[in-house]
Amino acid sequence: MGGATFKGGVHPDYRKELTASLAITAMPAPAKVVIPLQQHIGAPCEALVQVGDTVKLGQKIGESKGFVSAPVHASVSGTVVAIGPYNHPLGRKVEAITIESDGQDTWHEDIKPHGSLESLSPEEIKAIIREAGLVGMGGATFPAHVKLAPPPEKPIDTVIINGAECEPYLTADHRLMLEKPNELVFGLKIMLKALGASVGIIGIENNKPDALRVMRQAVEGEANISVVALPTKYPQGAEKMLIYATTRRKVPSGGLPMDVGVVNHNVGTAVAMCEALHKGKPLVERVVTVTGEGVARPANLMVRIGTLVSEVLKACGGLKETTRKLIIGGPMMGLAQTSADIPVIKGTSGILALTEENVDLSEPSTCIKCAKCVGACPVNLVPTFIAQAAEHELIQRAEKLHAADCIECGCCSFICPSRIPLTQWIRLAKADILERRRQQQK
Amino acid sequence: MNGKLVISSSPHIRTIESVQSVMIDVLAALFPVALIAVLLFGYQALLTMVIAVISAMLAEAIWMRKLDIFGDGSAAVTGLLLAMTLPPAPPWWLVVVGSFCAIIIGKQVFGGIGNNIFNPALVGRAILVVSWGGHMAGQIWPVPKPFVIFSDFFYDISAVTTATPLAGQEQALNTSLSQLLFGNVAGALGETSALALLVGAGWLFIKGHIDWRIPGGYIGTVFVMGAALGGGFYGNHLLTGLFHVLAGGVLLGALFMATDMVTSPVTNLGKLIFGIGCGVITMLIRLYGSFPEGVTFAILIMNALTPIIDNFTIPRKFGEVKKSA
Amino acid sequence: MQVLYAVAALGGIGILFGVLLALVARFFAVQSDPRVEAVREVLPGANCGACGYAGCTNFAEAVVGGEAKIDGCIPGGSETAKEIAALLGQEAIETVPLVATVFCIGDNRMAKDLFVYDGIQDCAVAMKYANGFKACTYGCLGLGNCVRACPFEAITIGPGGLPVVDKEKCNGCGLCAKACPRNIIQILPKGTAGHLVLCASHDRGKSVTLACEVGCMACKACVKACPQEAITMQDNLAVIDLEKCDDCGECVAACKPGTIHPRRNLPVAAPRPQDQVAV
Amino acid sequence: MKTMSNMNIYLQDISRGIVRDNPTFRLVLGMCPTLAVTVYLINGLGMGLSTAVVLICSNVVISALRRYIPDQVRIPCYIVIIATFVTVVEMLLKAFQPKLYAALGVFIPLIVVNCIILGRAEAFAGKKPVLRSLFDGIGIGLGFTVSLFILSALREVIGSGTFLADTAYAVHVFGESFEPMAVFSQPAGAFIALGLLLGLTNVIFKKLKID
Amino acid sequence: MEKLISIIFIYIFVENFVLQRFFGICPFLGVSRKMETAVGMSMAVVFVMTLATLVTWLAYTYVLVPLGLIYLQIVTFILVIAGLVQLVETVLRKISPTLYQGLGIFLPLITTNCAVLAVALLAVQNEFTLVEAVVFGIAAALGFSMALIIMAGIRERLELAKVPKALQGTAITLITAGILSLAFMGFKGMLTL
């Protein structure tokens, strides 16, 4: 195994050298945190506290009854000063709890270790993970416990840890692998036990030789866990691509990894899982790569959930004058922001500031049918035709061209010499198709 | 920060390539063969190329009412490609008419770059061939004179003439394969040196602008059909196949004309089908038609079929489950 | 003799086919929509295919079914189109001539932008990103959905980045109003009488002033000034009842931001000076 | 006064046929002969006039008989009438213009299926009085002839370098040494020339604001 | 046999009815807008042309020639074709509505398709035998279909292209047909009858 890879993909300028050698440093807790009640895919939480309440670090302050959901916790100790809509990285305003820190960081009394892995049953593990509010920390923010509870007719034999970190600029996972390899492996073991799976794989792109070395050391003696070096290519870390590269299993179109007996999790999630079990610590902080040519002092920071991005940037020396784009996440799939007045949430893997030279505002020109997008598409679509169909509102045609299978990795837009926003068009077509399907079901 | 933040959909970084850079790469790829042509045919070859490029750019600028003559560079590429298909010393007006037809009828009436159905340079050439067959594809061609440009700058290349290797079996036997490879052979400017064409195409291949399927399908088919049906001169069927690959416009067509991005299929399977189709039609015309060469017509016909090929070769998406009956 | 043969042969063929056709028509009769038949009757019947359909009957079916345009028959020309329109009862629409009117004058000099949008140039798409790049969430984004929707080329985006309606070409079909995701375009009866409040913002006064220099800030000065009581406040936006308005112009004088304009002299947005254009 | 307005209608019928409803450039009908016979001007004119004659005659006869032709079988009747006139024209040409007849070949009998004629029969002659049908026929027929004249003049001058070749008035427009752009005397050139002319008419009509 | 093969090849590629001989231009321009209709029309044309050549050849050889009425061929042929088409249409409509939907709706368009009359006239003019005439009819129809389908593919793509307004529709279709005709000239001289 190893060396197998998907067809297509692109090789952007990775620019990881900005932060790859910088160890994770803890950012001091801010005076105020804003914790959105929805930081995950699924049902939003309801506030468990009221304005004026005193909360402690790690105290559960939001909870939902839905299964596909994850609770939120206070990331500082202090007083709730407001509950109401606040800016959210996803673009709209979302209910959020604002807490003013008392500077004490007093841990909540319920936070205590859960005992050894051997003593816990899979059900108990899942309950612990849910209580800790763990979600996919690569950016997808899918509640972690849900992935560990597949339906009984879909047995899982393999758990894959995604250490590819194929997004340019980002190094948060890279640093975690270097600095917390044992915690990561322990997190993987927790998952294996919760799922009753037998094989654990850690996939790492081979542009991170140090991480490969460290992780290989960490898994020495673990018979059922292996580290796989992956070719450096974007989007190597996309779920389906990663599964294919490490196991040669193809997730069927429209299906989920569990259909081929696989579950995958992010490096950050695995480490957080370890801490949830060992220390009983809920998800109140995460590693964020603050980087880009527009940031004065790029860094890998351990940041409390709910810290405002503006505060984080201040801790890194602020933005340069030439900054023209502020992105939450990586440059390929991240979301551009209108302001820094947004909180860091569980899925915030990076804060990226691009400057004028990296922001290409040239007008798109006509497609010259160079077919580079066809070659780059990792899921074998013909992006230019889909975009054309979307532009002329030919939704049926877009559907026939499998627009709904797009994973929105951005390769086509990246590679297009005509600068056509292909990904955006396809996203549009996808939304229209899903809307139509919903209407047809009615 | 000065200036407002920019909001766009992901991805937020772009390749440094642009339409213009792609076109410049194509121009660069044509340089080796252009150089060989000038070395062989002297100043007239250079003049032909310059007139073709300038009049093509002019035609585009006039139609689009723009001042930026070079623009995205596509007109220059069309002009140079057209020049490559012309004899070494055509009358100047022929070159100008060809360029204007190529740009206007071949490209601009369809809406300009990216929208044209047919390869503009070949449309221009086809119109010239049908209109002035005597100038374009007559039986007499200037004999190349290596390094004439250094020895005698104003040497009139059309003074001594011969027939092209494709004119008949006799001419073919008079031409050695190494002659075809290095280019010391009568023919259109871009049909001379196979080696120079391969070098240029190699550059495009490295830059990722062309893909092996179209040239591969095309050249492979010509080779196979040449070997099987070419009559086996040179005493060997395989050598006959090779002759058909190296002689005439097949390499120029396969490497530079058929691979024109706009007018060839975008799907991988489609590209292969396209290449094979070009090969079959080329050989049919060469072996059984009244024209000595069929590259132009073959590629134009396959251009016309491109939309249909594309529609029938949409690739299977990743993880698509084969439908069981 | 020759003539007899000719007559006999032609007549024979004629009778043969006549009888055959008559028989076939009787035994193989198929019911069809009488309206299709009626439309079929007024078509030239040349089956030329210029309409893109397989024949006149197909075109008739398509017209009745609403697929084809009434003026789709090229040989028939405008006369046939009129006849078809009469048959399908569509001529009744043209009673009052209508015209599209843009209810926003916040051009790129008057209205502030929050950020620069880079992507698909489409108003509805741009609105998915933080509700549009303008500070005013009601104002025109100027990306031209209305322009693309207009089949008569009656709308263009003017120099100030706002749509301009060519009153000559516009026939008030309303497609632009439907295409506008901000609902800024209204279809009004043609004419020059009356005044209009050229703003669509329902925001409160303070946020309007922050976003746009010419937005209605709901100060009610016009309501008080109007002697005809033609102006009412509807959800923080002044609205003039055209039937009551007598063109006295008191409201124009009262309106501080200059949002109200007479219909006979609608403003055309001026371009913003080059040096201020954000790139 | 009444006659005046009547005259106006007739004049309108004629001018409409030539300009606004020009069969070639506006209605885009009868393309086959338009493309096929316009290599030389004389052929184009011959075709145009032959078609015009058939059109005028059939228009008049159909209009005259319009009350007596049963509705259900009107198309076959029209076709018979048209075919009869086509046969007459074919015989006349064969007898008096054998050269032209040979040049036009199968396109003479194919006048029967020229959409212009049947189209006018259905759209106009079958409904309107005889006199108006006559003028409509003249208008449309002239329109067709004019279009063929323009197209064939263009193709002959560029494609052969001559004007009115094969007649007593033949001239070499650019002199004998001119090398004509032969593509225009080929089928391909016919398509391209007509396509470009159509585009040109669209531009001109738009500039002149004729609907 | 060789002659039959030559007829097929020549009338599909070399002497293509639409691109080189200008027969059936009207439906070629009108019905090439969508691939679906182009395919339906093609099938209908193959069917009718074959049938029409057969019937008109018989009518000519066994009725007109013996009676010395060759001058009636235009009237006879067009009547026979019109009647035939009408007959087929009515029968089809009743017997097989699905086939009618796919094929029958194109039948009226064929009556005035000069390609059909031309094929009948040319079959007689070229003095083909019955078999040759029928093969000729099929080949001509296939040639027509090929041009139609290629054009439909191109036009579906041109629908989405930025063709200048004045050239949209018929004009650009004609220019495309011109280039197509140019391309097919490459087959010139391949096989003769």
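To keep things simple, chains are lettered A, B, C, D and E as they appear, and every chain counts its residues starting from 1.
Rule of thumb we're sticking to: a residue touches a chain if its C-beta (ideal position, glycine included) is under 8 Å from a C-beta of that chain, and two chains touch if they have at least 3 such contacts.
Remember, predicted model here, so these are calculated numbers, not experimental data.
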Selected pair, greater C-beta contact count between B-E and D-E: D-E
Sort the other chains by how far their Cα centres are from that of subunit A and give me the top one. D
Subunit A to subunit C, mean C-alpha position gap in Å, rounds to 45
Subunit C and subunit D, separation of their C-alpha mean positions in angstrom: 39
In whole angstrom, what separates the CA-based centres of subunit A and subunit B? 48
Residues of subunit E that touch at least two other chains are 26, 29, 72, 75, 79, 83, 111-112, 162, 164, 167, 172, 175-176, 178-179, 182, 185
Can you list the residues of subunit C that touch 2 or more other chains? 14, 17, 46, 48, 50, 114-116, 118-120, 129-130, 279
Provide the list of subunit A residues touching at least two other chains, using ranges where the numbers run on. 336, 338, 359, 361, 366, 421, 424
Please output the residues of subunit A touching subunit E within their complex, sorted ascending. 366, 388, 391-392
Which residues of subunit C touch subunit A in the complex? 114-116, 118-120, 125, 128-130, 279
Residues of subunit D touching subunit B in the complex: 179-184, 186, 188-189, 192, 195-196, 199
Per the contact definition, I'd like the list of subunit A residues that touch subunit C in the complex. 91, 336, 338, 359, 361, 421, 424-425, 428
Subunit E residues touching subunit A - in the complex, by the definition given at the top: 159-160, 162
